[in-house]
Structures are given as C-alpha cells and as structure tokens.
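One chain, chain A, appears in both complexes that follow, with chain B as partner in the first and chain C in the second.
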Partner chain A sequence: MKLNKRAIAGTMTSSDVMIEVIPWGKTSEINIKSDVEKQYGDQILDLINSILRENDVDNVCINVVDKGALDFTISARLKTALFRAAK
Partner chain B sequence: MEKLRRTMLYVPGNNPAMIKDIYIYQPDSIMFDLEDSISLAEKDSARFLVSEALTNVDYLGIETVVRVNGLDTEFGLADLECIVKAQPDVIRLPKTETSEDISEMEAIIARIELENNIPVGKTKMFAAIESAKGVLNAYSIATSSKRLVGIALGAEDYVTNLRTNRSPEGIELLFARGQILNAARAANISAIDTIYSDIENEEGFRREVEHIKQLGFDGKSIINPRQIDIVHEIYAPKPKEIEYALQVIAAIQQAEKENSGVISLNGKMIDKPIVERAERVLQLAGINDMEQSDGR
Partner chain C sequence: MFYEYTKEYILKNDEIKRHKSALFLKTIDIEFDTNVDVTINIVKNNQIAATISAEKNLIKCIGVAPDFRSEGLMNILFSDLISYQYSKGFYNLALFTKAEYETIIASLGFYTICKTKNIVFMENHKNKFRDYLQNLTQSDCKGKVASIVMNLNPITNGHLYLIEKASSENDVLFVFIVSEDRSVVPFDIRYQLAEASTRHLKNVILVKGGEYIISSTTFPSYFKKDYNSWIRNYCELDLTIFSKHIAKKLNISKRYVGTEPYCKVTNYYNKVMSEILPKYNIEYIEVSRLLSEDDAISASRVRKLADEGDFKAIKSLVPEATYKYLISINGGSYET
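Right, the complex of A and B next:
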C-alpha cells in the first residue's frame, strides 16, 4: 500500500483511539501514548506492526493516542487512517 | 419457526464504546448502523469499525444486523465489499422501494460471498420500507428473495413522504403498518415496526408497543437499551397463556401417541391455528427452543 498523504482516524473519547499516519522518508517510527501503556504498550505495538506488515506499509510514522481502546478498535482506526492516507 | 425479533437495537457504527458493550443489554438483534447516524466524513471509519467488531467481538449468539447505505449512494457498494466478508447474520437495506432494489443488492452479496469462500446464500437480508412507493410494493419486496428474513417500517421518512408527521396515536401509520404486516405474513417473514424516538416518554412508548403487538408485529426497531425491557415485558405471555399453551402442546403429543386424528382439550377441539398460537406463546416465553428449525 502506497501512502500519499498524512491522515488521521479515531477520536479522543473513552474506548477509542486516535491514530495519525504520516508518510515518512525513513525507517518507520511508532509513538504510543496510552493510559494503559505499561500493561498493554507491547501488545498495541505488536498489533500495529502486524497490520503494517499485512498491508505492506513501510517508511511511515504512526502516532497513537489510546483512550482504552480494545484491539478491534485499534485495528479499525489504523486501517481507516491507512485507507485515507493512500487516497 | 421464525427467530424471535422483539427488539432490534440500533448502534451507531462509529461508536467503539457502544459497539463493544452492546450485547450486555441482550436485545434480540443488534443493528450496527452505517447509514443515517454516520456523518459523510466518517462513513469509511464506521465501515472498518463494524467490520473489525464483527470479526473479533463475541456477540454471544445475538443476531447481528448491519444497516448499509443504499446502492444509489457512493457508499453502498463499499459498505457491502467490506461488511459481507465480516459475516454479519443480516444486511439491512434502507429505503427499499421495489423488488429490484433487493435483487440488485442480492447479486452483489452473492458475488462477494463467492469471492470469499462464504456459502452463497448465508448472508440474510432485511428490507426497511420508508416511502409510499415502498409501502405499495411491500408484498413484491417481501417475496423478492429467499435471503429476506424480514421487512421493517421506517416511519420518519415515510410520514415526510406522506406530507404529514407522527402523532401519538399513529393514525397516519395505520395503512403502512397494515400493508407491511400483511406482506410479511403472506411471505412468512418477520415484520418489525419503526422506532419511537422520544426516549423520555416511557408511557407513550409503552402505548405504541402494545399497539403494534396487538396488530401482530414481531417487534420493534429501538434506539436505546432502556427500551429493551419494556418491549420484552409487553411481549411476554401471561402465566395463564403459558399454562394453556403447555396444555395444548401436551394434548397434541398425547393425541399423536394414541394415533388420534381429533384433538381436544377440556372438551374443545384443538385445530392448527390454536397450535400455532400456543407455539408462539411458548417461544415468546422462552420455553420453546425445540423448533428453531430454519432460523428465519
């Protein structure tokens, strides 16, 4: 998947997550801010990396602000942001 | 016997908090909405969110329905491409006016099923009728597809189309309700009534549920979990009705055992309509799980 522009998906409300995707001319970078980072930070990172691999996305900066989202929400918001960035 | 559909609860398709918790309230059907409750800018995110929820959340056997956008919008086809793969039980088509609306959507669903190794025909359909034209075509819509498990009245658009508005008595909906109900019964599918949007007016809601139950509707589209218990309570059979229904079923079983052609209970003949009503009473009472044959 080729990303053409910066895109955002999600909200800052409880149980949601806001994810920003920025096409990046260098090695990928993933920044996570979460109230549950200590417990779930690694799990969120793994989930994001697996979706990036599935969609063949590289050289991207991903900024995540998590408000207690479950995996299905994180996955949906990232896929939406990627879809928008690829437009 | 048809599946129970007393309550079909709308959930906005872009609200993760509601989507993850909604099964707790135990409606008969959960209806994820991609249509009117979603802004144009968020159609894509709602589509992805509902798809991921259907794939990953265990809804404990509660029927999952997705209201997609119509195929006459730029979102309808994309909704189907994304959602059918996630395998909801039912796709609900809004603003259905003709049997061709159903056929057109059915062909696309069948193509997506085939492409994704889903048995063709697995995805059921539901049609919302929301215009005078749709009401007049209710029977041809109701009989347009084997996938169709029910039709529903969408009254907000319908009364606008009629050039009136909704009244507490609902007199403006009498024809549409009668037409939709009879079409559904003739086609042997579910008939679901429209929403009642004044959440704070419990008394008005109760009156309307009692009214549509008496007409013969299977249930109601609802917009708030608070409405679930009220509908289920009104639809619940009284103890005397349950007792009589159990006696009817026992009398039939006894007659079958004795190879008797004529069945009577307390000196009165029991015929097919009485048996059907008894089975319906037991189903509504949650007693009769034995004959959920085809799940329609």
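Right, the complex of A and C next:
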C-alpha cells in the first residue's frame, strides 16, 4: 500500500482510539499513548505492526491515542486511517 | 448519557453564537478570545456544557461547566476539534495550559514541550520539536557563539550595525529571522535581503526562526501587540524554549538586542529576557540603536518613508539590497 498523505481516524472517547498516519521518508515510528498502556501496550504495538506488515506499509509514523479500545476497534481505525492516507 | 448532548460548530462570522460561548466561559472565569477561527460547543437542554476553540493551530478557550465534569466531554471536544482542524490542513496543534491540567491534556495525545512556573506549552506531535532542533543548523558552533533574533522587516542599517557589532565580537553569530508571515515584507524576501546585506560577514549564519522563536504559536501576543495579563507567561515561555533548548543545542552564550524605543510589547519582552537568560548562563547584551538625524533607525520608519515615496531619505538608512527592493515594489526606478 502506498501512502500519499497524512490521515487520521477515530476519536478519543471511551473505548475508542484515535490513530494518525504520517508517511515520511525514514524508519517507521509508532507512538502510543494509552490509558491501559501498562497492561496492553505491547499487545497494541504488536497488533499495529502486524497490520502494517499485512498492508505492506513502511516508512510511516503512527500516532495512537487509545482510550481502552478493543483489538477490533484498533484494527478498524488503523485500516481506515491507512486507506485515507493512500487516497 | 452520550446521546443527550448535541454539538455545534461555530465559525468566526456567527457573532450571536460566539457571544453565547463568551458568556458561558465568563461563568467559569475564562476570557473568550475573539481571534479564534472556530468554536465547538457541546449543548445540553439549550445550555452549553463544554466548549473549545482554535485559532489556526493553537487550541484556546477550553471550558467545561462544573456540573458536567468527569463525563468525558473534553475527550469529545478534543476529538472533534482535531478532526475538524485536520480537514482544514492544521495537522499540528498546540496549546498553553496551567500545570494542573497537564496530565489530563497529556492523556488526549499531547506532549509537554516546555514549561515555566505558570504555564505549560504542549503539542500533539512528539517529534516535531526534536526535529526542529535537529534541523536548526549543520554548522559547527565552536568558540564564542552569539545570537540575535530579528524580524528584519526589512533589514536596515540599524539592524546591520547590530549584526556587524555582534559578528566582530564573537566567533559565530546566529541571526534568527522571525519566519511568521504576518509582517509587511514576506519572509522569503526578508531572508534574501538579509543574505545579500550580510554576505561580507563570514561568521554570520542566518537561520529561519521557525515555530519556536517568536512565532504566533509560542508568543501570540507579539503579533497582535496585545498587552494583557498573559504577556508575561508568553514571554517567559518563548525565552525558556530559547535558553533551555535552542541556545543549548547551538552552544549559544550571548543574545544581543537593540534598545527598543517604540514598541511596548518588544520592550517588555526584552525586559523579561534580561531576567531569564542569565538563569541559563546566557549573557543579555543590549546595544543602543544606531541614530540617524537624532532618530533611531527602525524598519517601521523605513516602511513609512517608502509609503510616502521618500526614497532619497531611505537611501542612507538601508543596505543597497533593501533600497532596490523598496523601489521595485513601489514602482519607482533607481540608478545603479
């Protein structure tokens, strides 16, 4: 998937997640802020990395503000942001 | 519950609704800033429960009614505002807040860039400031390194006098040019004129000031010439960012300023500078302005003369590049 512009999806209301995708010309970086970072921070990171791999996305900055979203929600929000960025 | 609320988006031209937001903010002791471009309210039973506004990339006037706190309204407002601003091309958002709200706002995706004893400056991108510091310069900064921050709107002999003096007293001189394009002369031209006029000074490095040196983000009052209660906070913050991060990164140990006879805000800024810089071991050096016919040379005086078409008077006040530029935009002709 080729990203052309930065994009955002989701909200910061309870049980949701807001994810921003910024294409940039350097090594990927994932910044996570989560209310449940201690418990699930690594799991969120793994999930994001696996979705990036699936979609063949590299050289991107992902900013995540998580309010306790379930995996399905995180996955949906990230994919939406990626598709918007690929437009 | 969630669905009992409605939201309203208010633009600058909706005076009536803006007035309502202002009245609401007043009840919780916050002053509405009429410069904001957009306001988002959460309304319940015709009453405003919470509000947020933004002027360009700066978030302002955040307030939640006491009865509606701890209901997650801030999260809704921030989500909506960030999405809205995104659609308008304002990707990087910033705000000033009091220390007591730092944690809450941090949980909404913001990072603390700098704080003073009164305020915290936060941005929603972790790397932006780090990248700014990294990109400031590739140059080697050894020996005595000094700095000047100038608007150069446009560069005059007064500026050049200060630059030449600082250049001769130091090994390296950084001249930060305020890059905010709210000046009469556009930034690119101000930079070019400065480049042409300082070419003879080998140790001068011109740097685009960017967003963290007297910009509408870090120092909003400067551009509105606002002299209100927040000015001290803004000055302190701008100067703390400079001293703690920029000067440190570039090994700067001095900052030169010209005496400021006209502008109250600049004058106050300089006063605060003289207090803050020494705390970070940076020397504050104030130099008397160059006089011409008993009057300080200032860019505003030059601009006024240009408007009047008095190019003869301008010629002795500005470097050649500026002179040519002023004539070219005012439709005159010049002899080379």
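Throughout what follows, the second predicted complex is superposed on the first by the 87 of 87 C-alpha atoms of A that agree within 3 Å, B and C clash if a C-alpha of one lies under 4 Å from a C-alpha of the other, contacts with A are read in each partner's own complex, and residues count from 1 in each chain.
The definition used in the following text is that a contact is a pair of C-beta atoms (placed from the backbone, for glycine too) under 8 Å apart; a residue touches a chain by one contact, two chains touch by 3 or more.
Keep in mind that what you see is a predicted model, and the values were worked out from it rather than measured.
Aligning the two structures on chain A places chain B and chain C side by side, free of any clash. In the superposition on chain A, contact of A:14 is made with both chain B and chain C.
Of the two partner chains placed around the shared chain by superposition, chain B is the only one that A:80 touches, whereas chain C remains out of contact. By the touch criterion defined above, A:33 reaches chain C but does not reach chain B. When both complexes are overlaid on chain A, the residue A:6 reaches chain C alone and has no touch with chain B.
In the superposition on chain A, contact of A:63 is made with chain C only, not with chain B. In the superposed model, A:72 lies in contact with chain B only, and not with chain C. Overlay on chain A (Cα): least separation between chain B and chain C is 10 Å. The intersection of chain A residues touching chain B with those touching chain C, taken from the two complexes, comprises 10, 13-14. Those residues of chain C that touch chain A in the shared complex are 72, 75-76, 78-80, 82-83, 86, 91, 106-109, 124-127. Listing the residues of chain A that touch chain C in their complex gives 6, 8, 10-14, 18, 29, 31, 33, 35, 61, 63, 65, 67. Within the complex, the chain B residues that touch chain A are 16-17, 20, 44-45, 48-49, 51-53, 55-57. For chain A in complex with chain B, the residues that touch the partner chain are 9-10, 13-16, 69-73, 75-77, 79-80, 83-84.
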